[in-house]
Structure formats: C-alpha cells, structure tokens
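Below is the structure I would like to discuss, written out as structure tokens.
Going in written order, the chains are labelled A, B, C and D, and every chain counts its residues from 1.
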Amino acid sequence: MKAAILPLLLLAQTVSDPASRVGSGRIQGGWEYVWACYAIAWGAIILYTFSLWLRRPDRE
Amino acid sequence: MRKWLRPAVGVLGFAMLAVGAWFGLVKAPPDREMGDVYRIIYVHVPCFWMAFLAVTLNFACSALYLIKGSWKLDALAESSAEVGVLFGATGLTLGSIWARPTWGVWWTWDPRLTTAAIMLVSYAGYLALRRFVEDPERRAVWSAVVAIIAFADVPIIWYSVQWWKSQHQIQSSPKTVDPQMVFALRWNALAMLALLIFFIWSRYRIALRDRQQEVALPDALPPARTTPVQASGALK
Amino acid sequence: MRSTAVAQVGRKRPIVPRLFTETVLILGKDLILEWRTRTRLNALIFFSFATLLMFSFALGPDTKLLKENAGGYFWLAILFSSVLALGESFRIERENASLDGLRLVPIDAKAIFLGKALGNALLLVLLGILLLPVMVALYGVTVAMGIGRLFAVLALGSMAISWPGTVYSAIASNARARDVLLPLLLFPLVLPALLAAVKATGLVLHGDPMLQLGSWLGLLIAFNLIYWALGLALFPQVIED
Amino acid sequence: MGQIPPAVEVNDVSKRYGTRWALARLSFAVARGGSLLLTGSNGSGKTTLLRTIATAIRPTAGTIRVLGLDTREDRQQVRERVALLSHTSFLYEDLTAEQNLRLLGRLIEADFPSSRIESLLERVGLAHRAKHPVRQFSAGMRKRLAIARLLLKAPSVALLDEPFGELDPEAVIEMEKTIAELQSSGTTIVLATHLVEQGLNLCRERLHLSEGRAVAA
C-alpha cells in the first residue's frame, strides 16, 4: 500500500519543494508564485483605492 | 488645482500598471537563472522604491513641521506614512514570496528585506501613535519627532544588517541585464509613482478634512462680544 | 523694567554650567526616587532574572546553545526591563504633573532629557552588572576578553537604549495605550544597537579571533551619538505644549 | 512707551480643546501689585486661564503678556517671574517635603540656603513633617507644601487655583493671611476660587467666567 503511493509522494515533494529546482541551472515554472505576487499587488492597490473612496472628504 | 487632475493621475497609474503587467508577464524574456519566477521583480522592487519615497516625504514633512508648524505639513506627513506602510507591506509580502522559489525559504535575512520589515514595524508604531493621541497639536509634534527619529534609523539598520550578514554568507541577487527587462522595470516604477502620487494626494485631502474638523482655524474663532466685559473695577 | 525681588535672586549664571547643574539635579532626584521606591527596583531586578531563566527553559537544557547565545539573552533581558524602567521614569512625572512643575521652574528641557536618560542608562548598567553572575551560572559562560571591555559594551548598549527610550517614553506616557506604544516604538528603533551590543558581548565572552569587536563598538558609538544629538534637539519640543 | 506695562495683560485669548472653547476671546489686564478674583462654575475656564498665563499651555489664539513679556517669545523669563498654585501639586510623592523644596530651590539657585527651606516649612506648619515623604501627607498638607513651593519662588505674579480647596477652616484663615502677605509685599495675585466671600476679601477686582467668556457676575 505504502509502496504504491511512494512515487507519488516523491513527486509531490519535488513539486512542492522549490529548493530542489535550484540545482538544475534555471528555475523551471514557478508561475504560481508570480501570479500570487501580481494578485497581491493589485489586490492591495485596489483595496486601498476603495478605502480612500470610502473616506472621501466630499461625501455628504 | 483642477478638479480632474487627481483622478486622472489615478487612472493613468492604473492603466500604466496594467500595461506594465503585460510587459512584465509577457513581453520581457525569462531570466537565465531565475526562469519566469524573476517576473515578481516588476512589482516587488517598485513597491519598495515607492515605500522609500513615501517615507522620505514623511521625514521631510515632519522636519518642516517642527520648523514651520503648518497643518498641511502634518496632514501630508500622515498621508505619506500610511501610503508608505501600504507599499512597504506589499513589497515585503512579495519579497517573502520571491524568496520561496529562489532560496527555498519564505524568509531570508537579506538587508533589504530586513530593513524593510523593521521600518514597517516602526511606521506601524508611528500610525498607532497618531491614533492614540487626541490633542491634534500634541499629536502633530510628537508624531513629527517619532518620524524623524525613525527615519534616522534607516541607514543604521541597513549597515548593521549588512555587517551582521557578512559574517555568515552573502546572498546573491538576480541580475537583470536585458534592456527589455530594464525598460519593463522602469515602466512599472513609473506606474507605481503615479499611483503613489494619487494615493498620497487623496489621503492628504482626507487628512486635511480631519484636521479641519478637530482644529481651530483662525476663522473658526468664536464671535467677539460687542461690548467686552472688563474686570469690575476701573482698569486698563 | 521694574526690578522685582525675583530678578535679584541670582539667575544670572552662564548657560553651560546651568545646564550641567540642572542635569545633575534631575539625575540626583531620579536616583533618590529610585532608592526610595527600591521595592519596585527589586521587583525589576527579579523580573530580569526571571527573563534569563525563561530563556533557559524555552531552549531546553542544551548548554552549548545557551552558552553560544548568552549575549542575546542577556540583552533581551535588559531590553525588556528597560521598557518597564522607562515607563516608570515618566509615570512619576505624571503623578502630580511634576513635569509641568519642572517646566515652570523654569528648567532647560535638555537637562530633563539628559538627567532622565543618564539615570535610565545607569539603572540598566546596574541591572547588567547584577545579571552577569546569573548569566555565568545559568549558561556557563566565561568572560574571555576581560571584564573591562564587557563593562564598556554594557555602558554603550544601555545608553543606546536610553537616549531614544527617554524621548519615546515622554511621548508614550501621555498617550492612550502607553504600555503597548512604548515597546512598539522602541524595539524596532533600537534593533541595530541591540544587534551590535549582542554581537560585541558575544565576542567579549567567547573571544574575538577575527577582530570584529571594533566595528560593532563603532556602530554602538555612532548610534549613541546620533540619538543623543536627536534627543537633545527634539526632547524640548516633546514636553513643551 | 514710557508707560509701565501691567502685570498681566490678556489680549483676545482663546483656547480650544477638541471641539470646545475653554476660553473664548478673553481680554483683561491686572495692574502691578493688583489682585484679580476669577469666579465661575466648574468648567468655566478658570483653570485653563491660569495655566495659560503660567505658560503651562499655549493659547490657541491671542497674546498674553506678563510684566510686558510675551508668554510665547519670552517663555523662560515669564516663568522665572510667575508661580502657579495648581490643582496638581507638582510634588514628587516619594520625596520628602524637604527634598521637594530643596530640588526646586537648587534649580532656581545652585547654592540655595537650607535655612530658607526650614523657615518655609515652619511658615506653612510642616516643620515636624519635613522628613516624611509626600505620599503620607493628607490633601491639606499637600496644599500647604504646594504653597511653600510657591513662596520659595518669590514670584512677581502668583496664580492661585483654588487655594482654599481641601483646607480645614483654620488652614483657610492661614491661607488668607499668606495671600494677604504676598499682596502687601507687592506680588500681583490672580485667584480662582469657588469661595467668593474669601476671594472678595482678598481681591480688588473680579472677573466672572462662564463658558470661557467674561460675563457680569
């Protein structure tokens, strides 16, 4: 049973552990990190814009 | 100041950032060592630059406030600190994500990240202080003092972390050499600069409104009596 | 102008000695107060002992690790105690608005800054001296480079905490949530000084084969000079309304 | 210009706390050696006014001159000539009565004679408690020590905020005597009190405050 999923476990580990990718010369993939960063940056900026709009001084 | 200028700067910033994202995610080639992960740099590094700009503005306003004492300077100092914390926190989060695929850890004691983290706590303290003092005049003076003291710490933290790190190992940073990479970085930085101006400007208007509600402006003085009451007894 | 009785009481002394005598008076007053409330002082000392002890428990009985990082625990104990000492230093001034009383004497605000900061530094040095034997006993450290150098590091580090700490305590003592505000403002600020003090202490304890002590001491001295100057310039603004 | 400026000159002074005006465009003057009684209910601005004249707080608008000196520009000189008897005693709780006075004395004058401290404590009837920390004092004793603190400074202008508060009837008479003595030695007095009767005995003029404004009593 355990032996059967061992390759899968190893694979999962390789994918989830980015350090293992460093050795190969060029980091492969990693797009999920890039997307996360752009999403966070945009999210922060949009949320802040919204908070500024909520606090706008010319609101009656 | 024309009414449409401020929103125009904001729209320009957002548009430029959208184009910048296309430059960064599609147009720019992958890095030789970092592959596609390096594309984080196009949002991460401008964030730190903007945070530093905002904090420098905060310092300038605070120092000037102690000399000149104008509510506008105080309001501008408050705005720039808040926007600086926004960009600093974003930049720090991105830096932490960046470290994960690059060095295999969520956090590294890189001088830039470390200095940014400490300054973030410092300016969070600055904003907390502003909340915790009711008297507007005292708040302005005290937060100006704190801002000056905190800003003077930036180079000290930087050098101390560098010395501290140099005794262990030096982390290599990726080098961006491709002209397209340089252009994309500059474009994104300009986009963020437009957003920075828009944010500080908008926040400044809010801060100024808050000051006007709590501070006595000369025209808000209570009306004078037509016949001033003297101390009883012939005087003056 | 009519010469009043007060004007003749002899206030015409040169400025520098006056700042000096006022500083000494404020320092002396704070030391007397410290002594008269020594129950509190004792509690503070035991608090710092307890902090050192806690580090041993938190890290487990790994003697080597404890010994290696002894300087860090030592300075953290001093830093935590400093927050309490600094807070107290302005609590006594707030009790009957004594700080207003001092301002109206009048007294040079710089003297209040210097007196209070030196008093706090002195207290931290004393605390450090008392903590030293405890550290030796708990962590099994030996002082490799002589007690004189350790003392120099202790004095520089304590002053480095006290200059900005005095300014921040004067501010925080008048704000809401002052207990949170002081460490929130002070800890990130003194971090480089703490780093330098910890490194220098470690080198003094374990020896300095690569001659790094000088640069850390230099950093401490620079930190002291910068915040001493900033404190002198900014403290008067803090306490004047 | 040849005219001697008054002891206290308050010119269109306002002070704002939050959204409330503690003082609203107040103007008056007290001649040298004169005495002014401030009356008014709680929160009418008496304390704020005295603290503003004493330079403990800055007015939001308007100017105050003490003996011709501007409280903004010549703060330290004003402070040398003014003493404030406040609600808060300015005393250090854990110093003795003697130590409290000695600290003040030495801050004013480096070699302040201790004989003067003894005679001051004698005068306010605290000689027997000279070595006791203020923490053990009753409210009345604190008040008396605070008055000793004021006398030690020998001010040209004495600002007295509720000097009779927390005193027993005997001590009130003592206090009246002390204030009268201050007056006869040429000190200008500004006195704020609830006890209008005592105040009227002591002061030549009266100013009634209501919501930070001067009104007819």
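Some points to look at:
Basically, a residue touches a chain if its C-beta (ideal position, glycine included) is under 8 Å from a C-beta of that chain, and two chains touch if they have at least 3 such contacts.
Because the structure is predicted, anything quoted here is derived from the model rather than measured.
Between B-C and B-D, more C-beta contact pairs join the chains of B-C. Each chain gets a centre from the mean of its Cα atoms; the one farthest from the centre of subunit D is A. Averaged C-alpha coordinates put the centre of subunit B at 31 Å from the centre of subunit C.
Subunit A and subunit D have centres, each the mean of its CA atoms, that are 67 Å apart. Chain centres here are Cα means. That of subunit B falls 47 Å from that of subunit D.
Note: centroid distance subunit A to subunit B, computed from Cα atoms, is 24 Å. Of all residues in subunit C, those that touch two or more other chains are 241. Of all residues in subunit B, those touching 2 or more other chains are 134, listed in ascending order.
The set of touching chain pairs reads A-B, B-C, B-D, C-D, using the touch definition from the header. Interface of subunit D with subunit C (complex): residues 4, 32, 54-58, 67-68, 75-76, 79-84, 86, 88-95, 99, 103-104, 106-110, 133, 149, 153-156, 185-186.
Those residues of subunit C whose C-beta lies close enough to touch subunit D in the complex are 1-2, 4-7, 9-11, 13, 21-22, 25, 29, 32-33, 36-37, 92, 95-98, 100-107, 241. Interface of subunit A with subunit B (complex): residues 17-19, 21-22, 25-31, 33-34, 36-38, 40-42, 44-45, 48-49, 52, 55-57. Every residue of subunit D that touches subunit B in the complex is listed here, in rising order: 6, 12, 14, 16-19, 21, 24-25, 27-31, 34, 36, 60-61, 204-207, 212-217. Considering their complex, residues 134-135, 214-216, 218, 221-225, 228-233, 235-236 of subunit B touch subunit D.
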